[in-house]
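First the structure, then my questions, so here it is.
In this document, chain identifiers A, B, C, D and E correspond to the written order of the chains, with residue numbering beginning at 1 in each.
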Amino acid sequence: MSGRPNPHAAPLPEPSTVPENGWHCGHFFYRFRREAMAAPLSSECVSQFAAALAPSGDAAPERLASYWISGHGADFGIMVMDPDPAKVDAVHQSLVAPPLGQFVEAVWSFVSISEVSEYVPTIERFRDRLIAEGADPDSDELKAKVGAYERRLPMMNEQRLRPEFPEWPAACFYPMNKSRVPGANWFTEPFSSRNAMMAEHAQSGIAFAGKVSQLITVGVGLDDWEWMVTLWARNPDYLKDIVYKMRFDVASAKYAEFGPFYVGYRAAADEILDHCKVR
Amino acid sequence: MSGRPNPHAAPLPEPSTVPENGWHCGHFFYRFRREAMAAPLSSECVSQFAAALAPSGDAAPERLASYWISGHGADFGIMVMDPDPAKVDAVHQSLVAPPLGQFVEAVWSFVSISEVSEYVPTIERFRDRLIAEGADPDSDELKAKVGAYERRLPMMNEQRLRPEFPEWPAACFYPMNKSRVPGANWFTEPFSSRNAMMAEHAQSGIAFAGKVSQLITVGVGLDDWEWMVTLWARNPDYLKDIVYKMRFDVASAKYAEFGPFYVGYRAAADEILDHCKVR
Amino acid sequence: MSGRPNPHAAPLPEPSTVPENGWHCGHFFYRFRREAMAAPLSSECVSQFAAALAPSGDAAPERLASYWISGHGADFGIMVMDPDPAKVDAVHQSLVAPPLGQFVEAVWSFVSISEVSEYVPTIERFRDRLIAEGADPDSDELKAKVGAYERRLPMMNEQRLRPEFPEWPAACFYPMNKSRVPGANWFTEPFSSRNAMMAEHAQSGIAFAGKVSQLITVGVGLDDWEWMVTLWARNPDYLKDIVYKMRFDVASAKYAEFGPFYVGYRAAADEILDHCKVR
Amino acid sequence: MSGRPNPHAAPLPEPSTVPENGWHCGHFFYRFRREAMAAPLSSECVSQFAAALAPSGDAAPERLASYWISGHGADFGIMVMDPDPAKVDAVHQSLVAPPLGQFVEAVWSFVSISEVSEYVPTIERFRDRLIAEGADPDSDELKAKVGAYERRLPMMNEQRLRPEFPEWPAACFYPMNKSRVPGANWFTEPFSSRNAMMAEHAQSGIAFAGKVSQLITVGVGLDDWEWMVTLWARNPDYLKDIVYKMRFDVASAKYAEFGPFYVGYRAAADEILDHCKVR
Amino acid sequence: MSGRPNPHAAPLPEPSTVPENGWHCGHFFYRFRREAMAAPLSSECVSQFAAALAPSGDAAPERLASYWISGHGADFGIMVMDPDPAKVDAVHQSLVAPPLGQFVEAVWSFVSISEVSEYVPTIERFRDRLIAEGADPDSDELKAKVGAYERRLPMMNEQRLRPEFPEWPAACFYPMNKSRVPGANWFTEPFSSRNAMMAEHAQSGIAFAGKVSQLITVGVGLDDWEWMVTLWARNPDYLKDIVYKMRFDVASAKYAEFGPFYVGYRAAADEILDHCKVR
């Protein structure tokens, strides 16, 4: 591919690290380096920990949440979103800067960008689907449903691009790919087929409305997996239930490849330090 | 998926970390960091070790068992169950807190929740199966069998959700998935087919009644594998025998993917320290 | 599976860690932690090393052999067998106990139990096979061959369960599985087919009689691979030759999956230390 | 294969480490060893860092660019090109030489050589393709297009062999293979088929002209993957967009296997140190 | 398999670690442990390094060559051959013995034995192939070609078993397997088919006569891969070219599985230390 601009194309935007639509998103998971801790963290390290999870002023990203993580893989994790990738990464850098970095090791992370997926129906596609499902094209009912969708869509897309994080106590985080093996190649399926499978998949999620909230961010070209899934839940039981249910959707059963799962519980800096018995 | 509650649905439960039915379950495996041990553990560390394996008062989980582990992968392991995930994880945190954490490294763990699997027959399905196997629907024998199952089922489900741990000397622990590769995709099989395979699998287990006791907990959405298997045995020979026998069941032969196996022998804190020659 | 004893079954044996037939077997491989060795091992560590490889009295296992290992993966390895799993593991624990454990790291191990495989022909199956190969059922020759097998079998099985270790200089060690992928699933093959493949495989081995001696122990339910292969050879050339020849047997070509290979040379404690230049 | 020279062949060039056409290319990714940093880097280390990223005189390679890297996998990365492989590697060696090397760990790298791929159309093949697409072989238009390509080709090939690095702020780096699994074996496809797929793939890239610039270097025989992809972008959004779009090209969808992805932002030595909070 | 000697067979050779035909071969790759190097290597360590790469007297193996390695995976590598496996391994042990071993870590190695492959045509098979390719069985030309092969074969086999190492500046090293997956199982192919594929593969190599020299050693039964490939080249370009060309041979395209690649440049002890900036 050449880097030559096409003279007939629209003028190119200025070089920038800020995406046109979505936000940068960082998931970071850490363990305390117990092997180096003859004693609890010093008060200097405790202060650095608290400050890193509560950046202020220009350093404050648009979104930041922290969790203690269950199991040996990680002790805690954070999720950060902002238009500026340096601001997202800076929260991580604040946690591992000297001297606290001697005792905090990042064990996994995922770099992604939020977006409105190509499978989110446009208003026209939404209308076509209802008609395909039997709705009368001229009915008031159809008009009403389409109108409601039209009013809801901007808010739903805002939640996809610049989400509010729920205050629910449990969350799980995992990356995924769509498989490309012979016999189960998502990327050689036509759009119509992929779109139908994603619609079925979305139905599985709707059954958990109010119990689980989901965010999908994109790692394609940015990290080792194609997508990152964030699930926030009212109860950890629902995490198990929704992921199990969805595993039978064709989009998952046949095509999904999963990376590591981290399950966490919402916790502030001091709650993390107390749970981990390091102060 | 939207986080909007469905106005027609039952009111949602309050946010909580306690599952509605099962208990949280943690399996943790550790090695002593011999590379850092110029001398045996200090008496302070020995005390911390003993206290971590015998939490008391509010910190005491509903279930806790410890084992020394054979082979180089781990020196010892623990299995903990409780309704509160923080209480389960706290046993782990107590082992790796300063100063003992300098000498104890978690090498593997698994986070799961106990449940009654969808393949456990309801009373109606149990009756239907007997009839399908040739029982006379109106016979007293059928009635008696169904009645016995009806009386036994609550106790069996209690053992699945909130199990007593047997005092037998040997145990093995391993996680598993059901495969989703082209040609062997468990999740695209219909329920009837999966149910029949699981029934065959259960028959293999029944042959080991009194010799081996099994617990399956669910890691879907919580950890990197879908299920965690705990087998307790009267003799390590039976562990080898039952796992070998089950490997020929179609549910395993064709669909099972296995993670790491740990074999352990029931041991109290001081027995672990003595076996490992670290005090 | 329930833990309920079947009231009609034979009474169950007492809980025990001693297998009914075979012995516990441990293969352990180690490297010296050169990164921590500013100087050769202290005389205290040298003594601990020698004592660990020569346990005496109650601590002495039934079998123990040591080897220096070629290549960077390990510096030396040991193979231990005993009815008591704690006695097998104790040899390992003696090597990594303080203070020597600062300088000796276990890099791999395998936990298994010896057994007489289901593919070893019974006397009846041996006779049937000869007849199937054309022997006259009433001939004296058949009778003689069956009689000889009958006399030899107990000794052969003793070697399978409680083997003497040959004094030959070279050995290789590796674990294996039988594959369960679509198109090459060992565990969905009928016994007759598996048995025929194992008989072919045994023929390949017979060609190396006097050059190579083999022991297969079982890791199913105990460790991450299903079987552990130990090959002792008069000359390392034969290790390469037999493994290459056997790779063309269908049982291997189509179904075998191999783990790490370690090749070693019989050596006493002081020979290992000298070869590794650490004293 | 014999090392005998063919007496009828052209005389062989003198032994050399300088490729006949392309340049050596090194991609290196690093993390700061926070576990060893009780304090920020000393001024000696800061100076060594700055000097390593700005080699001068004979040590200066033809190309050198540096980036801070998003996520926990690496803190920063460099990309170096030169005819002399020792000069490329020396930049890396300068970063890890004592004393800075105590605090800088290389986590991944890729060794490759630039080349003009066999899929870049020669002038004749370019002409043939236009005719195959319907151009009149005798038209002035065809002649003009071929002439333009003929004038452009040397410059394009220069950019492939000895590229200028754009000043754009974002870049991503990842290695790839073409698959050789049954059912998707790139290397058993005829050249014509591979060439057509690569032409389709190139079209995907052209849509990003001015937004993304791409460099493909060859690791076959030099490193663990066959190719290394460098994408420079005006905005990180375009990295996600182009890689996602290309994933649907048959050359990628069916045949591509990807290694680790690193996304970075152009930064000088002091900007890296500041972003990473280590000085 | 039994260890019983067959009384009708030739008497068995004495136990030995020296192969009957080939030599033991060791490839070892190392990195300097920069994390432990606050300063350059002490003069004692520099002397140990030089001495390890120049063993003398009884310790001197038949062949020994050293290379600096490009990329972050290793800093340098050595290749050693000798009839005695302990002498090969001793070069490695000399590098990691105290005190130098604190600063030199072996990152990969491969243990193999040289041999004349079963695919090297005997004189008879060579003659048959020429006839199959159209040569007149009674022609003088055929006789001459066969005679030349007969004279050349001993020297070629000597180079396979006890090779001279070329002085060329570049080399690459990688292990490989032949695949055994369903649909591409090398080991279930008949010898004639494998032989034809290997002959095609050899033709690819002949095109690089004088540019690249190849050595294949066998790791079957000795290490984790079946074969080890050593390519020495006049120019690193040829390494890329020959491996790329060979990847299209059916023997590679369909059946080859590759391990890690290391590319190195011939260098004496002091050149390695200088290139790595550690003295």
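Observations, loosely collected:
As a working rule, contacts are C-beta pairs under 8 Å (C-beta built on N, C-alpha and C of every residue); 3 or more make two chains touch, one makes a residue touch a chain.
Bear in mind the structure is a predicted one, so any value in this text is a computation, not a measurement.
Centre to centre, using the average C-alpha position, subunit B and subunit E are separated by 48 Å. Spacing of subunit D relative to subunit E, judged by their CA centroids, is 30 angstrom. Under the contact definition stated at the top, the residues of subunit A that touch 2 or more other chains are 36, 181-183.
The touch graph of these protein chains is a ring, one cycle where each chain has exactly two neighbours. The assembly's chains link up in one ring whose order, counted from subunit B toward subunit C, is B, C, E, D, A.
Across the complex, subunit A meets subunit B through its residues 34-40, 68, 70-73, 156, 159, 166-170, 172, 181-184, 202, 205-206, 208-214, 231-232, 234-237, 239-244, 247-248, 250, 252-254, 256, 260-261, 263, 265, 275-278.
Every residue of subunit B that touches subunit A in the complex is listed here, in rising order: 1-6, 9, 12-22, 24, 26, 28, 33, 36, 85-86, 88-90, 92-94, 96-99, 101-102, 104-111, 113, 115, 180-183, 185, 187-188, 218-224, 226.
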